[in-house]
Amino acid sequence: MLQVLLSGLTVGTIYGLVAMAFAVVFYVTKVVNFATGQLLMVSILLTAGLVRLGLPDWLGVGIALIASTVLGVIIYFVAVRPVLKFDRFSFAWLVSTLGIAIVIQATFAIIFGPASQPFPRGLHQIPVHLPGATLTVQEILTLVVGALAVLGWELVRRKTLVGKLGMAISTDPEIASTFGANVTAYAVGAFAIGGFLAGLAGILVGPITYGNPYLGDTYGISGFIALMIGGIQRPAAAMGGGLILGVLSIAANSYIGAQASDWFPFVLVLLVLLLAPNGVFASGDSLRKLFRRRSSLTVGGRA
Amino acid sequence: MKRIIPVVTAIAAVTALALAGCTGGGGGGTTDDTIVIGGIAGTTGAYGAVGIAVINGSQMAVDEINEAGGIDGRQIEFTWDDDAADATKSSQLFQQFVSDGAVAILGSPDTGPTTAALGDQMQIPVLGAVDDGGLTVYPNGPDEDPFAWTFSTSLNTFAWGGKLAEWSIDNCPNGLAMLHDPTTYGLGGLAGFEQVFKETGHDFVYVESITENWGSGATVNLDAEIQKIVDSGASCVDVWLTPGDEATFVQEIASLGITDLKVLGNDVTNADATFTDLAGPEGDGVISALLTSDVHPNDRLLEWQGQYRDKFDGLEPGPFAELSYDAVYILKQVIEDADGATDPESIRAGLNKLTDFEGLTGSLSFTEQVHTTINKEQLTMVAWNLANKKWEPIE
Amino acid sequence: MSNTIDNTLVVEGLSGGYDRFDVIHDIAFRVGRGEAVALLGPNGAGKSTVLRAITGLLKHRRGTVTIDGTNVVGMGPHQISRGLAAMVPEGRRLFVGQSVEDNLRLGGMRLRKDRARTDQLLQSVYDLFPVVERYKAREATALSGGEQQMVAIGRMMMSDPSLMLLDEPSLGLAPLAIADLITALQQLRERKSSILLVEQRVDIALEVCDRIYVLSEGRIVDEGRASDIGTEGRALIDAYLG
């Protein structure tokens, strides 16, 4: 039971970080960067490749994280800014970000070949035995990084003027710009943070999933599902969606059957979309209203 | 191996096709001067290395034959394309090659169920790396009839399942657990095990299937399954999954400190270096079976492997290249034996009579009932020796 | 061009619109230093488009818009916001999910490094609108329409702009709130702020402003001093605006 929970939270944190990468970009620019999964792949494969060339693990990881961050910004300038400049309300970014995802994937497939590459096992070799469950140090690190990502994000968003201006841009970029917000700078920042978070997820899951040029598809889709569950409007909620997806997938695997993780996430998303179209953590949705109504009823009953 | 391929990859593959136009066709079909052979294999995707080996092995045979004057003086036109492990793409290619005049289709190692079914439907011989044999060739199980038009020279999941089952009976005192993928690849292995277990009155201690990411290479979380396998008390476990997931499995149990569980693999575990590269030190001692001809290569095979490395810039040869090479030469012999007849029925009849063909992968035969050349008698049990970087015989 | 010295805003030959269709044509008007000017006109006359052209939100624009001697055509909104102009947009458009004080501080974004000045400006907003100070910790969009309008005006004041722009501030307000609004605008005027007010309500414009321009179908069709317009003129404009 504890093992299911902890394993689920670890997997869920990875999905959550990818979902956050999606959400941060969407938060500021209202664009879904469909190359987010590929940014995760880039950090894994670059680390694998650099370590194979003889670089120390930490240096490989550092360079890979910088690369995924920079690549996030490049995606903005190559695939998003030009199409939004042409028409601010167009959905052309759907095609352009998907297109750049294919280009990144094909490029890495040419450089690294199609087969998976070993990833430094690092902290994943060290088990930590708890009563009723075993985790590795890498998995504990994953949980900590996930918590820090949410905490850091919320702290910046709520407690700093930079974060509050970001919030203002998110809700009304036009008016925010008339009060001095440089919307482009924020968009660049959002794509950089998105790239960094996706890269971070890659580094954390690398020892488990290895480096493969086609990985972006699987993690991109899982992250997107987590985003749908948590709600696209708030990055912290996206992490919540990841955790829900992770725990319920592993639980479905354990208690329903090994193939349940195949269809279960989609059933989950369907349920969420029916009950809470804006995500489980969005305010004002029917799921919340349902709970609120029920709780007010019980209060009324007592009175 | 059937692989589920996501949309992005499929789009990528189509784009790549449009850009590269890698089909070598465009000729006038099979004539008095040329014989067209179609080839289908997944050369992209996470496990695209297998498809590349299939195409390279076939190409090498075709080049040799053409250089030596062709088949009865007719040049082979080998026209191939990447199916990206996608069944739709595969069936489109199949029909395209047949309308281009192909007398037989080689492959696909990734969409075998599609090519085998289409071979039957269109009455065109399908030969070579047709998935991993097994249920792809015998859709109703090992005791039933094979597809009449499909002749697999591929690694055979029935053979590996049977061989590993026999070994487990003698070496796993508390029985065997099995974790397999749910496609014809994993189910074929399961059928191979079941056949031997039924004959000898044994059974699995635990068996479960788990869906995998063949297209993207992402591993799946095996924590819950590992726990159940440990709880089952089995001495051994056969992990019939992607090489990536097998590597994850051995590393996870090492992390968990489980040392008394013997891990068995399958035909793909040692078909190339993917598993051993990924598994690292934790892969040491993993058990599988290997073609006896690969365990004890004769001079001809060693020489061929050298030629392969030379031709393909040092690329390591493997069984999928070898068995695809054999398939082209089998086709050559069958056409020559029929005095140059290339109609589908003549080729099929010739394949059904193939006896003791001396190939790289051993002495190969087909009959009306046996449509797989590789059977468990041709296999040797091996274990990965990390220190020597070799799969070494353990019998 | 002596009037650029006396005037906060000089607009000359301004045309522009959306997707290459011009909505406003060859507009010319000015707002003197410390003067309050109203831009009147019916729905769809192009009043908001003029404001968007001044703040930089309208990309397709030609002509000159000079604020404090600087031609801002060609500048982006975040550049124009650096002390030249600030706006109370139509519908207030306060920043959702943020407190009243945060809304005000975001208005003073450009002065964030000058803490003393920001605090002083904040205090002047609170002095002008005691109700805003009382609710400073509340979520801005949870306030009543009239209170939100005070916050929106405060947010504009916080950037301490040369030119204050107000787009239909009376829209959707209750009569009592409108009275408060008029008082607030008059106080802004007394502080010698340069104000451009876009309104549909002629009475408010006449009560607050020194001069008015009438805009129709994207062109300025009339102008005059507010004091020169008697009851008759008022009725005429009312009839004209429909």
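Residue numbering begins at 1 within each chain, and the chains themselves are lettered A, B and C in the order written.
One rule holds in what follows: a residue touches a chain if its C-beta (ideal position, glycine included) is under 8 Å from a C-beta of that chain, and two chains touch if they have at least 3 such contacts.
None of the values given here were measured: they were computed from a predicted structure.
Set against the C-alpha centre of subunit B, every other chain centre is closer than that of C. Remark: the per-chain Cα centre closest to the mean position of all protein Cα atoms belongs to A.
Taking each chain's centre as the average of its CA atoms, subunit A and subunit C sit 42 Å apart. Here the CA centre of subunit B is 74 Å from the CA centre of subunit C.
Each chain gets one centre point, the mean of its Cα atoms, and the points for subunit A and subunit B are 36 Å apart. The set of subunit C residues that touch two or more partner chains is empty. For subunit A, the set of residues that touch two or more other chains is empty.
The residues of subunit B lying in touch with subunit A in their complex are 6-9, 11-12, 15-16, 43-49, 52, 179, 182, 208-211, 213, 215-221, 223-225, 227-228, 243-244, 247-248, 251, 254-257, 272, 274, 277-278, 280.
Residues of subunit A touching subunit B in their complex: 3-4, 7, 11, 98, 101-102, 105-106, 109, 113-118, 121, 124-127, 129, 134, 136, 207-210, 212-221, 249-250, 253-254, 257-259, 261-262. Within the complex formed with subunit A, the subunit C residues making contact are 55-57, 76-78, 80-82, 86-87, 89, 93, 95-98, 102, 105-107, 109-110, 112, 155, 159. Residues of subunit A that touch subunit C in their complex: 161, 164-165, 167-168, 171-172, 174-183.
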